[in-house]
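Next come two complexes built around subunit A: one with subunit B, the other with subunit C.
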Partner chain A sequence: MKIEISDHKGKKVMALSGEIDMHESPYLRKELMALVGKKTTPLVVDFQAVSYIDSSGIATFVEGLKGMMAFGGKLQLVSIPAGIMEIFSFSKLDKVFEIHGSVDDALNS
Partner chain B sequence: MLGEPKITVSEAYLRDVEKKVEDLKALREVSALISSTLDFNDLMTLVMEKAKKVMNAEACSILLYNKNTKKLEFEVAICKEETASEILREKITLDLGQGIAGWVAENLKPLLIRDAGSDDRFFKDADKLTGFKTKSLLAVPLVGRGGLVGVAEIINPKNKDSFDDYDSEIFQTLCRQVAIAIENACFYKESLEKEKMRQELEIASALQKSFLPDSPFFKRDKLTVSAVNISAAKVGGDLYDFIEPVEGKAGILIGDVSGKGVSGALYMAKIISDFRFIAKEIASPGTALQLLNTQLSRAPRGMFLTAIYIIADIHTGELLITVAGHPPPLILSGGGAAVMDIPSGPPVGILPVEYPSVAFSLKKGDKLLLLTDGAFEAKNKKGERIGFEKLLDFIKRHKNEEQLVQMVIEHVKRFSKGTEMADDLTMVELAWDCVA
Partner chain C sequence: MTLPWWNWHGTALPDMKGAVSITIPSHPKYLSVVRALTSRMAELADMPGPEVDKIRLAVDEACSNVIKYAYKGDTGRKIVVKFRVIRTGFEVVIEDTGEKTDPSFIAGRDLDDVRPGGLGIHLIKRAFDVFGFDEKKKKGNRLRLIRYKRGNNEN
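Let's turn to the complex of A and B:
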């Protein structure tokens, strides 16, 4: 898994690629929680190049979301590929996370 | 008469030969020492004490290469002052390419430094911290079968100003044996640790199973419930439970904890004990999951639970069903099999939400199947997953089989044959008024 953090129109975007499994989640957690710790909001996470996510990866985003909610911050997940969106919908995680079609959609929301 | 030819040798030559014989003896002793122990700490100290003596050096050290951090760390440093050894072990690590040892590790070549003070590669901080004055040193890479193991160094010869090429040759011979001995000791240490971990996991597994109901079968009046739970690893994150929260009712829970391994298992154990405490006296599954949700919202690391909780009237077959982010139940009724369309809430332990309870009535011969995603996320050798729809097709084709749950399990096992089981697999079957 690769993580690239960039500024897009003044907002932080975390672009992920590859598989987010139990081996990669600790790295994701370190990067994500560092941004949450700095109260980076909104934080847009771009899933476009993510090929797989398991429950440890989802739990990492749940932790990030809880961290954000604690100070009223926003965690926005965008460009989720259809296969991964199915997992989100199937387990009703689409009711938990703020999900948008693209980075721009999230930034304009 | 011609006598034996006379050969005249100088005293210096004789001393030189004697020294070489002594060195060879010492090398043989080191070789014997190395094979005398597999204890990593003993080996390090023994070998380096001997090396210091053989090489007649003031100090010596071994830096081990940490493959995770890609740094060299002092493992043993033997010098007069114990404090200096402690300082090196606790405070100094070197990157590849940093200092003499870093250079040796990076280039995998020995290095003989006659005057450390005039060599730019010398890492002066070590001397500054320890108060030791390095004049001459010899550093040799320790290379085992698996690549770089570390770097061995000897510092300051006692009987001369600097080490020479002969010292370098002897030290390299010694280090070839040391490298293999370290590697063997590391393998041994790892295998001991693995064995310890295996035993710990076995105990954890037994403890975890003790949280599940004593029997996977539960029968009250016309309701029969059976469960199968297979963990992918020794300890798993799936759970099921049968309780009797109020008179005449049975509570059936199936769940899947995010995360695997020991953390998943511990969380699963906490959930079952919290659930049993919370669900007592509560006749609505939605209320019970709501209370569990509040309880689990403080879970660390974003851990959560997907679950279905059903409360069944054991006399009438009336059910109340609550789904929390879990794969929906399947109903096998009147010769058909279908996915139940029940509104689901999010997984438990994430957000403060209300969970609805949906009523459903079982008829004579009906069966309800609950499963965890391990059943349809199983992969075959090609990396393809069974998928929920295909698993549903299989269930539809075999809906009338008495041993349906067992058949599904066998089907999943056959599909993923030759691959490592990636997720736990749990199935719970509720049968109403069926002929046993």
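Let's turn to the complex of A and C:
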């Protein structure tokens, strides 16, 4: 998994690529929670190039969301591939996360 | 068709003749190897594409659970995964020599209870019709998973 963090119109976008599993989740957690710790909001997470996610990856985002909510921040997930969206839906987390179709949709929301 | 999880209780273990097996160190970096083999074996069992993805995730979750709970994060142990294409579907057996699985773990969390963790067991049970631990295994765990073939109108 690769993580690229960039600025778009003054807002942070975390672009992920590859597979997020038990091996990669600690790295994701470190990067995500560092941004949450800095109260980076809104934080847009781009899933477009993510090919796989397991429950440890999902749990990492739940933890990130809770950290964001603690100070009123926003965590926005965008461009989630259908196979991964199905897991969010199954776990009823599609109702919990703010999900957008693209980075621009999220930035303009 | 979804059967509840069950334990082998005085029932003979299945003959895994004809199985393909892989032994991996209990390190998370090897989970990708298990996923690749799981997908290919599920395809050989004629599982439909979306179901192959669910089965791959389920086997990954089961192996992750072995690392987390049976081996408590010890990356120097072994996990054996056996795959078998059977007439009625697809069978996977996962073996470890770690701590016995706590029955309370098998329930998972309520999906309405949004918190990190507790999702993996649901992802396993939705992919497989049979989910059972071999109670006769003296040391460690042996998890047996079976996914039956569906009719044309079932998923």
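By our rule, the second predicted complex is superposed on the first by the 109 of 109 C-alpha atoms of A that agree within 3 Å, B and C clash if a C-alpha of one lies under 4 Å from a C-alpha of the other, contacts with A are read in each partner's own complex, and residues count from 1 in each chain.
The rule is simple: contacts are C-beta pairs under 8 Å (C-beta built on N, C-alpha and C of every residue); 3 or more make two chains touch, one makes a residue touch a chain.
Keep in mind that this is a model prediction, so the values were computed, not measured.
Of the two partner chains placed by superposition, only subunit C is touched by A:H23; subunit B is not.
Contacts of A:Y52 after superposition on the shared chain: subunit C is touched, whereas subunit B is not.
In the superposition on chain A, the residues of subunit A touched by subunit B in one structure and by subunit C in the other are 22, 55-56, 58-60, 62-63, 66, 90-93, 96.
Within the complex formed with subunit B, the residues of subunit A that make contact are 22, 29, 55-56, 58-66, 90-93, 95-96.
Here subunit A touches subunit C in the complex through residues 19, 21-23, 52, 54-56, 58-60, 62-63, 66, 83, 86-87, 90-93, 96, going by the rule given at the top. Against subunit A, the residues of subunit B that register as touching in their complex are 256, 258-261, 301-304, 306, 324-327, 344-347, 350-351, 353, 388.
Taken together, the subunit C residues at the contact with subunit A in this complex read 27-29, 31-32, 35, 50, 53, 57, 60-61, 64, 67-68, 111-112, 114-117, 119-120, 122-123, 126.
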